[in-house]
């Protein structure tokens, strides 16, 4: 197995032993409570509420894991010095980074898949049958996973050179900024300022666009999500993650450990 | 003569310091040193002398400001060279959520060994460092000494040609230290090269073929342990018992340190036999005569003081 | 291992290629998402009270978030010329429940709930309801009476109620004097261009919200064109008296010495005469489109 793969599996093992998967218990409880209460809150749109609640929960839980574990991926190893013996082995620094990234994404994928299964079970319980249009929910979950992968990459980049607190702030900051890309493009100042507007426009393409992954409305209404969008989002995530990981590798490759 | 196992040339390392990290502190200067194949080499120096810095440079944890180094003829930038080296960090810490067996297996996976091979080696290593009963306990429950042993195990697991140990004896009780010494000697008998850093002279004396002394970031001397310190020997110490009150002897006694009936008297080499004759005449009971060696501490301190004096002189001149 | 320089160069090249690809892919994503856009409206929790409870002590913050949503929602709809404003009322309802003192929300709602599509939701009745709620929560803010009267006057043409609202508002010692004057004038004359111009000017002056301001400005510009065209018609009648026929272009008026220079509308485009001989806005002027959107009255 490749060296990065070895690191990845160990990172996954660490997350499991860190009891990350307990979040699934919380999710399960939340969904069950929702299923029971939904009838009282909103008649006629039970499945709508279940889907949007479920998707929101998957997203939030995933985000918390991605950010809080992501910012420690490299920092913790440097701080606790667990990295020292490892780097003396025949493993390149970028292989280490790739492995850490892969391990956390794998953890998130497993977590998300389990939550997806839970969501569909509850949906089945509430709706009594699933339709083909429900595949939109699956796609929405896939998009959430793409989003999480991007967050992990960003968190890990910061983890390479700054403290966990700052990493959290920067990562969260980029995430929030990435939710307002459209507003950046639509920006019109009171006095026309082509320089500012051009700058914002350029920035709107440079910053990670987290609006891309938002298909909650389509998912809740079971509307078709075009296959082209699935492909495009996948490519976007892959390329952007590659950019971030390359940057992290460049930063980390020449870093002197204390 | 074969190429040295470890070869450094003008290895230098500066660290940025100061508020905005604009100033530089030179923690290693112009280290040019060789460790021969098959020898046990001790790297001696007080704390902060640059021992760990050197080792970290060799192993690739930090990067030199200037100079080069080669291990087994390959540049320290060559990651494949790491297949043939083993490294024990100073005060090692490993993933506390793994057991010792899992950790060793994890590290072993980077060395292209078959699963069966890995299993066999892990078991063998655990036994070798005395952790075979503790192999399935999570590392978070390990004492410092146990962690040190795990560190040693992971350093030699893959039968490396060159083993680099940073303060391998620290945190160990005398039994543990003896075990580490035994392992080092065993490695030597297998033809491997061992380099370790320490500030405990007696360990170096017992184990090393050669030692290198580093103080204040500079290499001060390389040679057999006895060479290094013997040069600094200055005199003899006589340990004797005396209960009488011979007038001749009292002059000597006054110069001696007393503990009950026992006296320690330091004399120059030239006066040794004279004094011994006096004591014999006074019917003192001679217990031992030993060579007074400057302790490593004193040797270091002299070097450090000399450094400081030089630095102060430069400053004065500069003003 | 590669020396330092190579990694940096590799990184820069990779970054450049990467972002170029990102740019391309992003544009495709934007296209696909625009198609999804029509169906993106959703507001699941319509109960302002429930939200307020859930917000604990952060209700004002939540109100701010919902207020941003209102602005985004409106901006988005206008940007796409989408006439469907069905979420505007629920959003405003929630915002003002979460923070009853968010004055701008009421003013925004009173304007854009009342305006007819595609400028607004076309529901002046909801506008009235919102403003009355605003009055209840903020009795000392006399401008809400102005807004109330405004809706009655402009959109519902109920001059009695409009006058009553202005009168009620004028009782507030902080109200401007013109409130009383307005009450009387509306009661007496009903709709008049003077009154309308005044009301829109006052709204324009008193608000900081850019959307409300822009809306008021457009109204004022359209009122101006109305006045201008009336004047031009008078001149045209004079021209007819002199020459026996209606003018075809404004040039003829200038040549006849009735006009000093080319008459332009507030955005600078020259007026034209229609086939019926009546003055009107030049088709080339952006104001014509606005006029069709806003309809009468202004």
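Which chain is which? They are A, B and C, in the order written, and residues in each are numbered from 1.
Methods note: a residue touches a chain if its C-beta (ideal position, glycine included) is under 8 Å from a C-beta of that chain, and two chains touch if they have at least 3 such contacts.
Just so you know, these numbers come straight off a predicted model, no measurement behind them.
Asks: Any idea which two chains share the most contacting C-beta pairs?
Replies: Ranked by contacting C-beta pairs, first place goes to A-C.
Asks: Which chain is in the middle, if each chain's centre is the mean of its C-alpha atoms?
Replies: Answer by centroid distance: A.
Asks: Quick one: report the Å distance separating chain A from chain B, using the average Cα coordinate of each chain.
Replies: Chain A and chain B have C-alpha centres separated by 48 Å.
Asks: Taking the mean of the CA coordinates per chain, how far is chain A from chain C in Å?
Replies: 39
Asks: How far is the middle of chain B from the middle of chain C, if each middle is the mean of its Cα atoms, in Å?
Replies: 82
Asks: Where in chain A do residues touch two or more of the other chains?
Replies: 254, in rising order.
Asks: Could you pull out the residues of chain B that touch at least 2 other chains?
Replies: Residues 79 of chain B touch two or more partner chains.
Asks: Where on chain C does chain A make contact in their complex?
Replies: These residues of chain C touch chain A: 4, 7-8, 10-11, 14-15, 18-19, 21-23, 25-26, 28-29, 32-33, 35-36, 39-42, 44, 72, 75, 79, 210.
Asks: Which residues of chain A touch chain C in the complex?
Replies: Contact set of chain A toward chain C: 42, 45, 48-49, 52, 183, 186, 190, 205-206, 209, 211-212, 215-218, 220-221, 223, 225-226, 228-229, 232-233, 235-236, 239-240, 242-243, 246-247, 249-250, 253-254.
Asks: Taking the touch rule as given, give the residues of chain B at its contact with chain A in the complex, in rising order.
Replies: Listed in rising order, the residues are 15, 56, 59-63, 79-83, 85-89, 91-95, 97-98, 106-107, 109-111, 151, 154-155.
Asks: Could you list, by residue number, the parts of chain A that touch chain B in their complex?
Replies: 1, 3, 6, 10, 13-14, 17-18, 80-82, 84-92, 254, 256-257
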